[in-house]
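I've put the structures underneath this note.
Here chain A shows up in two complexes: once beside chain B, once beside chain C.
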Partner chain A sequence: MTPTTTATSRPAATRRPGRRRSFSITTPSWLFAAPALLVYALVVLYPAISGVFYAFTDWSGIGEDMSFVGLANFRTLLGDEQAMGSIGNTLLLTLAIVAVQNGIGLLLALGVHAKLRSRALLRVIFFAPVVVSPVMVAFLWKYIYNPDPSAGLNGLLGLDVNWLGDPSVALWSVAGMVVWQYAGYSMVIFLAGLEGVPKELHEAAMIDGAGTFQRFRYVTWPLLAPALTINMMLSTIGGLKLFDQIFATTNGGPGYATETLSTVLYKQAFVFGKFGYSTAIALVLALFVAAVSLVQVYYLRSREVTA
Partner chain B sequence: MTDLRNARMSRVQFFRMMGGLAVAAAATACSTRPDTAATTGGPSATTELKFVGVADQKAPMDSLLAAYQQAKPSVRINASFAPTDQVQTSVRTQLGAGNSPDLHVVYPGSGSAMSMTQIGQAGLLADLSAQPWTRTIPAGFKPAFQLDGKTYIYSAGSSVIGAIYNKKAFEKAKVAAPPTTWTEFLAVCDKLKKAGITPIALGAQTPWVTQLITYALVPSTVYAKDPTFDDKQSAGQATFAGSGWRQAMEMYLELQKRGFFNDKPNGTTFEQQISMVATGKAAMAIQVSAVLPDFRKAASAADDLSMFPVPGADDAASVWIPAGVVVGLGASAKGKNVEEAKAFIDFLGKQESINAWAKAIAAIPLTQDASSTIDPAVESFLPFTKDRAVPFMDQRWPNAEVQPVHFAVVQELLAGKATIDEALKKMDEAYQK
Partner chain C sequence: MRRTFLLEIVMIAVAVAFLFPVYTLVALSLKDPAQISQTPLALPAPPTLDNFANAWTAAALGPSLMNSTVITVASLIALIALGSFAAYYLARVKSRLGYGLYILFLLGIVLPFQLGMIPLYELVTGLGLLGTHAGMIIFYTGIQLPFTVFLYTGFIRALPADYASAAQIDGASQLTAFTRVVFPLLRPITGTVLILNAVFIWNDFFTPLLYLGGSGFETVPVSVFAFVGQYVSDHGLVFAGLVLGALPIVAVFLVLQRYVIKGFASGLKG
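Our next item is the complex of A and B:
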């Protein structure tokens, strides 16, 4: 017999009065998120909001002496030569990381997306650095960046470069180290995007006579836009708040050559004992990162297409 | 086999399962033993004290903690150590959060965020003034130990800054004796260079290493001419730019200009510096005597290494040296076990403890008796300690900003990215903040 109706929901009128909606394990209530939200509020939101308060004080980070200083910390920031210089370094570093990390990530993704026998192994190899602690990577690269012409990267490439000790090179050396670690992360996201490109579109383009580059340019690239948006945003945020790798390799030096906003705010808090000023810098950095991310997402989303 | 994805579960079953998991988790959490809780009272009870120190303190503390454990079995001290940067971050965070360790590292004087003055002013250090050893602190060292007449830090003695040198490298270059004037020092460097040995290993990528050459020279170029320089600078009557600091920086750069440093000092670390001198690839490193044990560990024989004062003047009688109080420790004023923590410091203040600590780090003991020993490597500094020695410069600086600025400007000078004028101007600006 052919069913005459396909409705599966019970009409409201047939429900017994007072009976609650049936429970479904696949669509749990928001209440289930409450424990995680509570922990998040205590560990992340509360300290962050406290930070906003301290940004308007002159607290040293220890003791109970503290005065409300209004916008004085923000005025100091505007006149702080070191902090202003670090903004330039932060932006340069971010630009380099975003461009190179995503470029290499895309090439790696295209490479391991091809029908290679060893592609599963290659994916693991390229992704492996991502799971290593950034500080461990930094220590490893301190050896790779040995200035001795016969050691490390210099020995391998036959160069004589003072990777971390030359102020005009050190920032790019740090960027190279970060790209080495996170290119695999970008690769995975691009790979997910590539998996979502329908084969039919490629077949149709091939029938139309499109070559490899044209298929990439007019089929793959537009459909990778969502993956690009995520990668751009994550690498931008990562670049703007980069700290561990710099702290473990150059500590902002030589001189102030690799000083970024993150290292400056760390030093203000823990080396100079100016916790209030440090939180003011942190607040400005957080707002800056949020603003850049929003603009970026807004722009990149506008050019996304779907298959 | 049951297909889990299609398994059905009633609401009651689901909540039972979740409840069970929650109870199990809570039971596990409650069974965890708190790691630093003090448990006093009763015949077998112990008090646990937490100590956080800097890595340099590990060697002396290990032996003294064992001795204290024997002397006072009812107190157990959990000690942990970390390099300077990390310890500064972690201890300051704990101090700020109100859960400071019972005992922790404290730097003498006032020029660091973890200095006695800065933490003492915040009321976070217990007053140690009643302890007998505090009455023997030499007058010249009191600013490093005391704030407003009260003692807040324990330190076992003083260390000196000078040239750690490899005797075999000197022999190879036919250098008969350590130099006693600046001209002689330059001549020795020249001789070493001609013998194919790097005269001075400099690990300026490690920030604190950058300061040591200026610290070694400034006593002769500044304090020998005006012992009251610190007081005048504090009163605004003297500056870095207008003092012998300029001459010291010029001498620093002269060493670089003459090719007496290893290649790429800004890309060389402290560890590499140690290796270069220990293996004889380099002949000298201008260093603090507290790290002499690290150099000895890396050398094939400990006797290969010794030290001499860096002569910062051309008249041997005008050569002064830096001799500063070594990094110490204090008791938290806000801890739960203040009296027990102070009792441990009182134990450290006994002469045999001072001797043991000083021996472990090649320091000159704060007070000396017949059983005190002084490392033969620093004996050549002893004639200076009476009236031709000054504390490490940062111990009198008014804030924690001057020292990091000094690190940074030295790196810039070595990289040729700044002039001495610019460097000293930045240091003066930091001093006045």
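Our next item is the complex of A and C:
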């Protein structure tokens, strides 16, 4: 189970010794890549480069009227309590999702990896929410998080919590809903990792007298390294970019309790018409995502050697 | 033996708790307003299908299903064609430039689309593609190409080049060698590409809301969003709409569950 992310960092992999040198006849023409490059440049590269440009302007989104304002948008951001608070919320929310989703995903994977009669059915049940639109899942959970003590989660648990209306609870409620939807995704990736652990290693450890926990700690866990890092990366990027679920439930409220970088940049653009400022916030989000991805890819490579 | 049995009981209990939101969804969609307010947790007694009939027409789900299908299928065809072609070059080329191009494609996986969201909106408007299927198809093809190219390139690199060489020595053109010899060998990764992109495109919400909202060409999530906003207090009706909106993809998932789970589990490795 080699994550291909490693292949990206080893261009020489195509020239591995032992592989015969191929004829030059097999090197395909660059024309093969041309149509994809054209669409990619049009839809991703050009808009992203323009986005970086707009981040340094005061463009309002209407007309051509704009001027270059240097770092003013970023200075505004530093003094904007709402936006700065949203950075804190984004990080807290991401941290909660990454920790809980992967923890539960791992436990579920260990559970359905055992020889249970219902394992196939259990996998389907836990994975099913992953394929449903996040907006629809959010609408369902908006009702589940009903403040009415006799309905939804309150009714089930006999509680009286205003899940989405209490500013000290709302962010965690959003995290809970995301974890419910995507724990099954983490589960299947861990499961693929578990299936790659050779049985002989477990048998050898058992003969040496290792207990269940020790076998997990010293045999299974190190070999799960690639699956763990893939899961960490997917859930971190997903958490940082999270938008649909908040938009459909709290829309950043109550107050600014669930406001994240994604919701703030949306509002700055489409509610307040500050397109320049909005793209500046988007640039900050992009830098967060890029930094986290780079760190995790690096971490993946370093663990790959030991695994 | 006994420990496995105990674990089975625990896991089934966890699954039952996990399904509570799904139970709520289905139960409420089968209740009338009086039952929803008086016995929100109980089974529907008696169940009614009125909500479903009303939701189907009120949410305009028929046309939305058509729109979602057209956009998803066309984008998938474009992604598989363009993605596999580009990856064939990127996996085999040995120059620095080729490798740089590959990294340029990978950059797109990391970039959050919000960065280019507004300039792209302008571009789509400028090209007259706002509120059209074509606009969405081009958008999804571009935005999902990096991931598609990444998956295909990893797979092709592990494939011996000899098959294509043999075909070319026998007189086939590069294009024929690829479409007749190489592409059929890519079937496993094409399956993964198909599944991951299909789920993403079918469920995507924000861009279709922005580009298609009010155009009459809305996809399922956008229609459901508008529908929920309109009937927000009628939970039975709203939930019937959610059930209908989620049903197509859940049905496809249940039929192809083994492939879908495998596709997601292997999505990031080669």
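Worth pointing out:
Here, the second predicted complex is superposed on the first by the 264 of 307 C-alpha atoms of A that agree within 3 Å, B and C clash if a C-alpha of one lies under 4 Å from a C-alpha of the other, contacts with A are read in each partner's own complex, and residues count from 1 in each chain.
Convention: a residue touches a chain if its C-beta (ideal position, glycine included) is under 8 Å from a C-beta of that chain, and two chains touch if they have at least 3 such contacts.
Only a predicted model underlies this, so the values are computations on that prediction, with no experimental measurement involved.
Applying the stated contact rule after C-alpha superposition, one finds that A:162 touches chain B and leaves chain C untouched. For chain A, the partner with contacts to more residues, out of chain B and chain C, is C.
Using the contact criterion defined above for the overlaid structures, shared-chain residue A:251 touches chain B, although it does not reach chain C.
Of the two partner chains placed by the overlay, only chain B lies in contact with A:147; chain C stays clear of it.
In the superposed model, A:267 makes contact with chain B only, not with chain C. Look at A:29: by the touch rule set out above, it reaches chain C but stays clear of chain B.
Contacts of A:275 after superposition: both chain B and chain C are touched.
Legend: residue contacts after superposition of the two complexes on their common chain; A:211 is shown touching neither chain B nor chain C.
In the overlay built on the shared chain, the residue A:103 is in contact with neither chain B nor chain C.
Within chain A, the residues touched by chain B in the first complex and by chain C in the second are 23, 25, 61, 247, 266, 269, 275. Note for the complex: chain C touches chain A at residues 4, 7-8, 10-12, 14-15, 18-21, 24-25, 28, 40-41, 78, 82-83, 85-86, 88-94, 98-99, 101-106, 108, 110-120, 123, 138-139, 141-143, 145-146, 149-151, 153-154, 157, 161-162, 164-165, 168-169, 174, 178, 199, 202-203, 205-206, 220-221, 224-225, 228, 235, 238-239, 242, 245-246, 249-250, 253-254, 257, 260-261, 264-266, 268-270.
On the side of chain A, the complex with chain B involves touching residues 23, 25, 60-65, 142, 145-147, 162-167, 247, 250-257, 266-267, 269-273, 275. Of all the residues in chain B, the ones that touch chain A in their complex are 9, 11, 14, 85, 88-89, 92-93, 95-96, 113, 118-119, 121-124, 204-205, 207, 263-269, 399-401, 404, 407-409, 411-412, 414-415, 417-418.
Note for the complex: chain A touches chain C at residues 1-5, 7-8, 11, 13-15, 20, 22-23, 25-30, 32-33, 35-37, 39-40, 42-48, 50-52, 54, 61, 108, 111-112, 114-118, 122-128, 130-136, 139-141, 143-144, 148, 150-153, 155-156, 180, 185, 188-189, 191-192, 226, 230, 233-234, 237, 240-241, 243-244, 247-248, 262, 265-266, 269, 275, 278-279, 282-283, 285-286, 289-290, 293.
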